[in-house]
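I am attaching a structure below and will ask some questions about it afterwards.
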Amino acid sequence: MLKVGLLGAGRIAGVHATAISSHPGSQLVAVSDFIPENADKLARQYGCEARSTDDIIADESINAVLVATSTDTHSDLIESATAAGKAVLCEKPVDLSLERAQTCLELASQTGKPVMVGFNRRFDPNFSALKMALDAGEIGKSELLSITSFDPAPPPISYIKVSGGLFRDMMIHDFDMANYLMGAAPESVSAFGSSIVEPEIGEAGDIDTAVVTLTYSDGRIAVIKNSRRAVYGYDQRVELLGSKGLLQAQNMLENTVVKSTTMGVTSAKPTYFFLERYMPSYANEWAAFVEAISSGGPVPVTLEDGVQALAMAEAAVQSLAQGHPVKLCKVLV
Amino acid sequence: MLKVGLLGAGRIAGVHATAISSHPGSQLVAVSDFIPENADKLARQYGCEARSTDDIIADESINAVLVATSTDTHSDLIESATAAGKAVLCEKPVDLSLERAQTCLELASQTGKPVMVGFNRRFDPNFSALKMALDAGEIGKSELLSITSFDPAPPPISYIKVSGGLFRDMMIHDFDMANYLMGAAPESVSAFGSSIVEPEIGEAGDIDTAVVTLTYSDGRIAVIKNSRRAVYGYDQRVELLGSKGLLQAQNMLENTVVKSTTMGVTSAKPTYFFLERYMPSYANEWAAFVEAISSGGPVPVTLEDGVQALAMAEAAVQSLAQGHPVKLCKVLV
Amino acid sequence: MLKVGLLGAGRIAGVHATAISSHPGSQLVAVSDFIPENADKLARQYGCEARSTDDIIADESINAVLVATSTDTHSDLIESATAAGKAVLCEKPVDLSLERAQTCLELASQTGKPVMVGFNRRFDPNFSALKMALDAGEIGKSELLSITSFDPAPPPISYIKVSGGLFRDMMIHDFDMANYLMGAAPESVSAFGSSIVEPEIGEAGDIDTAVVTLTYSDGRIAVIKNSRRAVYGYDQRVELLGSKGLLQAQNMLENTVVKSTTMGVTSAKPTYFFLERYMPSYANEWAAFVEAISSGGPVPVTLEDGVQALAMAEAAVQSLAQGHPVKLCKVLV
Amino acid sequence: MLKVGLLGAGRIAGVHATAISSHPGSQLVAVSDFIPENADKLARQYGCEARSTDDIIADESINAVLVATSTDTHSDLIESATAAGKAVLCEKPVDLSLERAQTCLELASQTGKPVMVGFNRRFDPNFSALKMALDAGEIGKSELLSITSFDPAPPPISYIKVSGGLFRDMMIHDFDMANYLMGAAPESVSAFGSSIVEPEIGEAGDIDTAVVTLTYSDGRIAVIKNSRRAVYGYDQRVELLGSKGLLQAQNMLENTVVKSTTMGVTSAKPTYFFLERYMPSYANEWAAFVEAISSGGPVPVTLEDGVQALAMAEAAVQSLAQGHPVKLCKVLV
C-alpha cells in the first residue's frame, strides 16, 4: 500500500485526491497547501491529515508525493522530495525555465528515486488506444502527425501573464504527445503564431493561435495547432498517417443524442474542458504510477520527458521570435 | 444494341430516358404519352421519336419497352408488350389489384419474354453493398431486419385517394426490400397504423404512419416503419442483425460539411427525396436490365417479385382492418 | 445526510455501494446478504457494517434501504421496509408476478413512504438528454418510437430458466423506457418472438429474439426490438420521430479512435455490457433518489411505474402465446 | 448556345466532354488532340468533329475553348485562343514557370476575353457548402485553416519527373483552396517536406510528404498537408476555425454501409481518387463558366487566381530549398 502525501489543494489536487483514494493500492495520508484552509478542507473531505509541506516531505512513512502546487515550486519540491527518498508524480510543466528544469533533472537523477511527470493525456483512453494500434503496426510506419488542441475559451489575462506563454503552458501537452506518438524527439521546431483571438493577449506579450511544425531526422513531420478559443468546446484530436493507413482520435461528445430537423442533423458538443474530457486520464495516470512504483519498473513518463517537452517549447519561443526554424539541439545545452 | 421504347413521358420517365440514352448498350428510339405534348417534348430533348403506345408495341425493330405510365395501365401494357415479343421493364407496382397482377403474371409468363419490375432500391449503391456483405457471410445468418422508410412530406390528398393506400403505394418498396434481403417470403404480416401526421389522410381512408412486422417460418423477424412525414428529409435506412454482426445502410447526406458552434455539431440533412437519393439506382437498374436481356440471363427483379410484394401489401391491408396477423398464404390464392 | 442500508451484496450491489458512498448527501451504514461472507466483504471495502436484513429494517436510524437482492424477495422487502418507515429504492423488476406486484403496490402505498424502482436507464445521460430535448419541444409531438436493445451474449440457460422470460427480465427496461418517453401507457401490446439465437433457449420455454409493437390511444406507435446476442457489444439505441424532427440516442463507443486502411474505416465497438454502458446512470439514479427524499418531492420512477412495466411484460407474454394483440387493460385487473 | 471546342482528348478531356454535352447552354462542336486517333474516338462518342487545334482556334463560329492539353501548352493556347476572341476555360496549372504564366496573364488581359482556370475543387458540393456557410457568417471571422489532401497512391516516377514537383502539381489545388477560403493571398510561405513514402521520388528530386504553413497579414494562419499515399483512398478534407465555430468538409465515402462485428464498427472507404470524388465538381465548374460567359459576368476563377497559386508553389519550392519562410511578394516580381 503506497502512502501518499499530496502537495497542493487546488482544483486539480482534488482530482488527484479522488484518484489516490479510490485506487486499491494507494492511501492518501496527508495534504498541504500554501493556503492552510484549502488543505484543511480537502483533508476533511478525503479523511486525511492537513500538514505542512516540509512535514510531509520529512515523514518517512510517506512513500510518495504528488506535486500539484504552482509551477514555480515544482523543481524545488521534486528535488527535496527525491532527496527525502520519495517517489514523485509532479504536475506539468517541470518548470518554466529550461535551465532550472535541467538542473532539477540532474539532482533528482542522482537520488535514484522515480519521478513521473503528469502528462495525463498519454493516459486518455482514446490517445492510448491510438498508441496501442500504432505500436501493433496497424498503420505501418508513421509518417505525418497532426495534433489539434483548442481550448474552449482563453484564460484571464492575469493568468496569461504568469503562464510562461502558450508554448510552455498549453502546447507543452502537445509537444509531449508528439514525443509519445513519434517515439523520438524532433530535429527542428518551426513556430507560427498570432494573437488574433484576443488583442489583449498580444499586448501581454503572448499569442493565442499557433501552428508549430516539427521535423524529424528520418523525414517524418508533425504539425501542432493550438487556439485559445473554440467556442464549441474543448477540441482535442490527433491524427497520424502511416504507410498502411490513418489513425484518428476524435473528440468525446457530451452525449450521443442526434437531432434531425429542417435545420440539419445536430449532435452534442465536445466535452467542455479538460476536467470533463480528461477525468479518466487522471485515474489511469495514477494507476500507472502506482503500478510502476509497486513493481519497481520505470515510470511511463519520465522527468527527461518533461525536460524534453520544455525544450521544445523553448525552441518554439525562439523560432517565433526569430522567424525561422530552430534546431532542438541548439536549445538543449 | 437494345432498341428501346419508353411508355410514359412524366417525371420518372425523364429519369429513365437519361439512363437509357447514356447507357452504351441501349438506344432510346421512341416515346409515347397519354398527353402527346409531353411525349413530343421528351422526344426533342433526347433525340428520339414521339409515337403512340400501340405503334411502339407494334414496332418489331423495338426490342424492349420501359413502362413508366400510370399504375392502372401497367398490367395491360406488360401483357401486350410481352405478347408482341418485347422485353419489359415496368415501374412498380405491377397493379393495385393482386388478382389482376396474378393474371398478368400468368399471361406474361406464357410468352416467355423477360419482365423486370422497377424496384429500383435494390440497385441503390448502399443497399446493394449491404446485400453483398450479407451474401458474403460478413454477419453470419440473418435474424432481425429493420427497415425505416420515411417520406419528407405527405403527398396531396388527391394523390392519396388514388394511390391504393400506404401499403400498396409506399411500403411496397420496403416489402420488396425485405424479400430481397431475407431471400424468402414471410409467413405472416401484422400491420399497425394510424393517421397521426395528417387527419385528412385518415378521412380519406388511409394511414400515414405504420409499423408492419413480418415473421418467417425459420423464426426470423422483420419490422418495417413508414411515415409520410420526416421534416428533415427522406429517411431511408436498413439494418440487419445477424449471428456475427450488424449491417446498416445509413442515409446519404446533402454534403459532408460539419459545423461546430455553441449550438452543437451540425451536419447536412439527408438528400431530400427519391429523385435525389435514388438517382444512381435508376441508372444501375437500367444497366442490370440491359445486361440481363443482352446475356439472355434472368432479370434480377422478376414479375413474381412484383406480385409477391403486392400480396404482402394486401395482407397488410387485411391485417390492419382485422386487428391481427394475416398469413401470407391466405391472400395468395 | 441520508443513512442507507444496502440489502444484497452481489455485483450490482457493489455498483450501488459506490454511488451511495460517493454521494455527499448519503452514507452507507450497513449491508446484508443471503450469504454473510459477501456482506462482510462489501462492508470491509466500503467501511460499513455487515448486518442481517431484519436488523437493518428494524434500525430506526436508517432512513432508506436499497434493495438489490434476488427478484423473488423484492415485494416482501418493499413491504417490510416501507412498513418500518423507510424510503426504498428497489432494483427492477418489482416481481415476476403481476398480481404480487399489485398487492405490494397497494400495501406500500398505505405506508405513504416513497418507493422508487431502479429503472436506471432513465438516468443514462444519453436517454435523459433525448427526453429533455423532447420535453423542450425540439421535435414537436412524438409519433413513432423505436427502441433497439440487444445484449452482447445470451445468459446461461440456468439463468434463463429463473428469469421470468425475456419480456419480464430484459424487455421490461424497454417497456419502462417507452412509458418514460411516450408519457402514457399503451393501449395494446403485440409480441413476436422466436429462439433463433440459441435453440436451448427455446427448449427452456423462452425466446431470444423479439419484436413488440405498442399502440397508443392517440394513434402513436412504438416498436421494441430485443435480441439476446449482438456480438459487437451492448446495442442500446432509441429513436423517436416527431412532427418536427427525429431524436436518436446512439451507442456509446469504447473510445473515439478511427482507423482507415485498405479494409475500410473502423471505429471502436459499443461499450460491452450494462455495467460499462450504464455506470453513470446508477450514480445519477442514486442522486435523483437522494434529491427526492431530501426535498420530500416525488420519486422520479414510482412503484406504479414498476407495476406498469410488469403489466406490459405480462401482456407481451399473452400476446406471444395467443398470436394476436392484447389490450393492456385486460391484464391490469 | 455556347459553341465549344475542346483542346485535348485524354482522360480529363472526356470528363469535360460529358459536362459540355449535357449542359443545356453549351454544345461540343469540335475536339483536337496531339494524337489524332484520340480526337477521332472522342469525337465519335460525343457526336462532334475531330479537327486540328489551329483550325478550332481559327473557327469564328466557336465561342469558347476548353484547354485540357498537357501543361506545357497551356500558356500558348490561352494566348492564341484569347487573341482569336474566344473565352477560355483552361485546366490547372497555368504553367510550370511563374514568369511564363505572368506573361500569359498580361497578354490575355490585353484581349479582354475571359479566362477561367480549372480549379474544380471550388465547385465541389462540400467545399462550396463550407464556403457558403463561411460567407454567411456562420463561424464568425476565420482564424485558422487546415487542408488535408492526400492522394491514394504515388504516380509513376516518369510522371513525377515532368510534373513540376509536388507543390506545382498537387498542392497547387490546395493553394487555390486557401486563397478561395481565406479571401486573400498569404504574406509568407513556409514549406517542410521529405520523400518518406517512396525513396525514388526523392532521387527524382521531389518530395512526397509536405506541410506548408501560410501566414496572413492580419494574423490568420493556414496549414496544408500533402501526402502522395493514403492507402485508404483519396483524403480530401478542409477545416476552418473561426471566432464563432468550426467548419469541416469531410470525405465522401463509397457508400453508407456500416458493419458492426467483434472486430469493430466499419464504414466504407473514401471515394478512391479525383475522378470519383470530384466528378460533380467538373459539371458544376462548367455550369459556372457557361453562366459567366452567357451573362457577361466575371468568371469565378480568374487567370490571376491561377498565377497566384503558382506563385505560392514557387515560394514553397524556395522555402523548402532555403529552410526558412519566403515572403510571397519576393516571388511575384
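A, B, C and D label the chains in the order they appear, each numbered from 1.
By definition in this document, a residue touches a chain if its C-beta (ideal position, glycine included) is under 8 Å from a C-beta of that chain, and two chains touch if they have at least 3 such contacts.
Nothing here was measured: the structure is a model prediction, and the numbers come from that model.
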Fill in the blank from the handout: More contacting C-beta pairs: C-D or A-D? The answer is A-D
Fill in the blank from the handout: Farthest CA centroid from chain A: chain B
Completion exercise
Expressed in whole Å, how far the mean CA point of chain A lies from that of chain D is 41
Problem - Cα-centroid distance, chain C relative to chain D, in whole angstrom - result: 57
Exercise for the section: Would you give the residues of chain A that are in contact with at least 2 other chains, written as numbers and ranges? Expected result: 230-232, 235, 244-246, 259-262, 268
Practice task
Write out the stretch or stretches of chain C touching chain D in their complex.
Solution key: 230-233, 235, 253, 259-270
Problem - Interface residues, chain C side, partner chain B - complex - result: 143-144, 146, 148, 150, 190, 192-197, 209-211, 213, 215, 218-221, 223, 225, 227, 229-232, 235, 241, 243-246, 323-325
Handout entry: Touch list for chain A against partner chain C, complex
Key = 125-126, 129-130, 133, 138-139, 244-252, 254-262, 268
